[in-house]
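The structure follows.
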Amino acid sequence: MKVLYFAWLRERTGTAEEQIELPEAVKTGMDLMLWLKQRDEGYDYAFEDPDLIRIAADQEHVEADADITQAREVAFFPPMTGG
Amino acid sequence: MKVLYFAWLRERTGTAEEQIELPEAVKTGMDLMLWLKQRDEGYDYAFEDPDLIRIAADQEHVEADADITQAREVAFFPPMTGG
Amino acid sequence: MQPVPLKILVTANDFDVAAETRRLTEARKDVGAVVTFSGLCRDEAGTLSALELEHYPGMAEAELKRIADEALERWPLTGLTVIHRFGMIRPGENIVLVLAASAHRRAAFEACDFLMDFLKTRAPFWKKEHLTESNEARWVEAKTSDDDDATRWKKSKI
Amino acid sequence: MQPVPLKILVTANDFDVAAETRRLTEARKDVGAVVTFSGLCRDEAGTLSALELEHYPGMAEAELKRIADEALERWPLTGLTVIHRFGMIRPGENIVLVLAASAHRRAAFEACDFLMDFLKTRAPFWKKEHLTESNEARWVEAKTSDDDDATRWKKSKI
């Protein structure tokens, strides 16, 4: 699965994009955030408040409890500030 | 007093602008309309439904029962259709 | 920074939306939103030769200014422009232009919307339709929906 | 007459409001109203060097299209254009442009307003402020007022 990070999530993780093999236990966007959080200090800081973070699966907004196991691309980002 | 007519009021009265010496009994815009209506066929036709007609005194909208005796300029016109 | 001076123009000529937008934004850093309304002459049926716009010179400008002053009082605008044409206007041509600029979009949207609602019901302009098929011409009748639109702005003093 | 095809553009370049207006009105006689929203980079305090606009390529266009399709379903529009810039944008420069055209003004106003409310809360763009006084840069925080604006459109399915 391709995983993308934007804005301060990109800066904190130090990663714009990576390939991840989902562990068996990870089903939802929230599961994935909690799993990523354990990786290292940067990821821990990026996901320190997972409730704040928005998730897209295959370029569509999804809720944190939505199943993402079938997605080819998952993205994490802060609330949007365009316009 | 200068009296102006616009749109179909101008066409029906055959007059764009005229000077009128107000008769003593005429105090309001409605009084003036009823007085004008008696003048001839064209004015009678123009003011056949006085409740429909809008009035301005010195280039400001006024109600039909407002005193217009002090105005230098009074105008009669149909509901507006600009924009 | 002072707002750009209010511009009210009643003219037979067409207007330039880009130039009017520049007038409200150029050399300023306090404008976050510009909302522009352009009103055009329609002719879906293909029966219209032109609209003839008659106005009350003097009062047209004065009334537009009264409506604009009310908008400037109600919303924190950095600029406001109202242009209304008169004379013969062909299908597809411009009739009216309102631009409202502000730091934030809600004020600009509401002021522009308000301006158009009151302009429609209070500014002394009248439209006459000249038809292609005949020498006939007929005055456009006022729509009660326009009065309804104007009553949406309940707080208004005008 | 068919509506002008929907135009969604995410670009580093500035836009031309006059050209975009022409695209929605030229050679048509069914457009009575064009409402245009321009969003600009503000800097009232004089401390901003530039806004850096980051976006999610692919999803930005897709999400703008979803919002635009919802607007086209809700209002009888003759044309709709949404342009959003990314990259470095200086104070006074354009950020976003929405044009909605319709036979009648209410539809054009509401569609444009709706587009901006949902664009603000759903389109994947993020602003970073670069300051003049330091090398510091900070991410702009989302405003809850934007969420409130979006909830005004209760019927919305998105």
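We call the chains A, B, C and D, going by the order they appear; numbering starts again at 1 in every chain.
Please note the rule applied: a residue touches a chain if its C-beta (ideal position, glycine included) is under 8 Å from a C-beta of that chain, and two chains touch if they have at least 3 such contacts.
Since the structure is predicted, the reported quantities are computational estimates derived from the model, not experimental observations.
Engineer: Counting one step per pair of touching chains, how far is subunit C from subunit B at the shortest?
Structural biologist: So the least number of steps between the two chains is 1.
Engineer: Where the CA atoms of subunit C average out and where those of subunit D average out, how many Å apart are those spots?
Structural biologist: Roughly 23 Å, centre to centre.
Engineer: Just curious, how far off is subunit C from subunit A if you go by their C-alpha centres, in Å?
Structural biologist: Taking the average C-alpha coordinate of subunit A and of subunit C, the gap between them is 48 Å.
Engineer: Measuring from the mean C-alpha position of subunit A to the mean C-alpha position of subunit B, what distance in angstrom results?
Structural biologist: Chain centroid spacing, subunit A to subunit B, equals 72 Å.
Engineer: Can you list the residues of subunit D that touch 2 or more other chains?
Structural biologist: 39, 116
Engineer: Give every touching pair of chains, nothing left out.
Structural biologist: A-D, B-C, C-D
Engineer: Which residues of subunit B touch subunit C in their complex?
Structural biologist: Counting only subunit B, the residues touching subunit C are 4, 6-8, 56, 59-61, 75, 77-83.
Engineer: Per the contact definition, I'd like the list of subunit D residues that touch subunit C in the complex.
Structural biologist: Within the complex, subunit D contacts subunit C at residues 16-18, 21, 25, 27-40, 42-44, 46, 91-92, 103, 105-106, 108-109, 112-113, 116, 149.
Engineer: Which stretch or stretches of subunit C touch subunit B in the complex?
Structural biologist: Listed in rising order, the residues are 39, 53-56, 58-59, 62-63, 66, 84, 95-96, 116, 119-128, 139-142.
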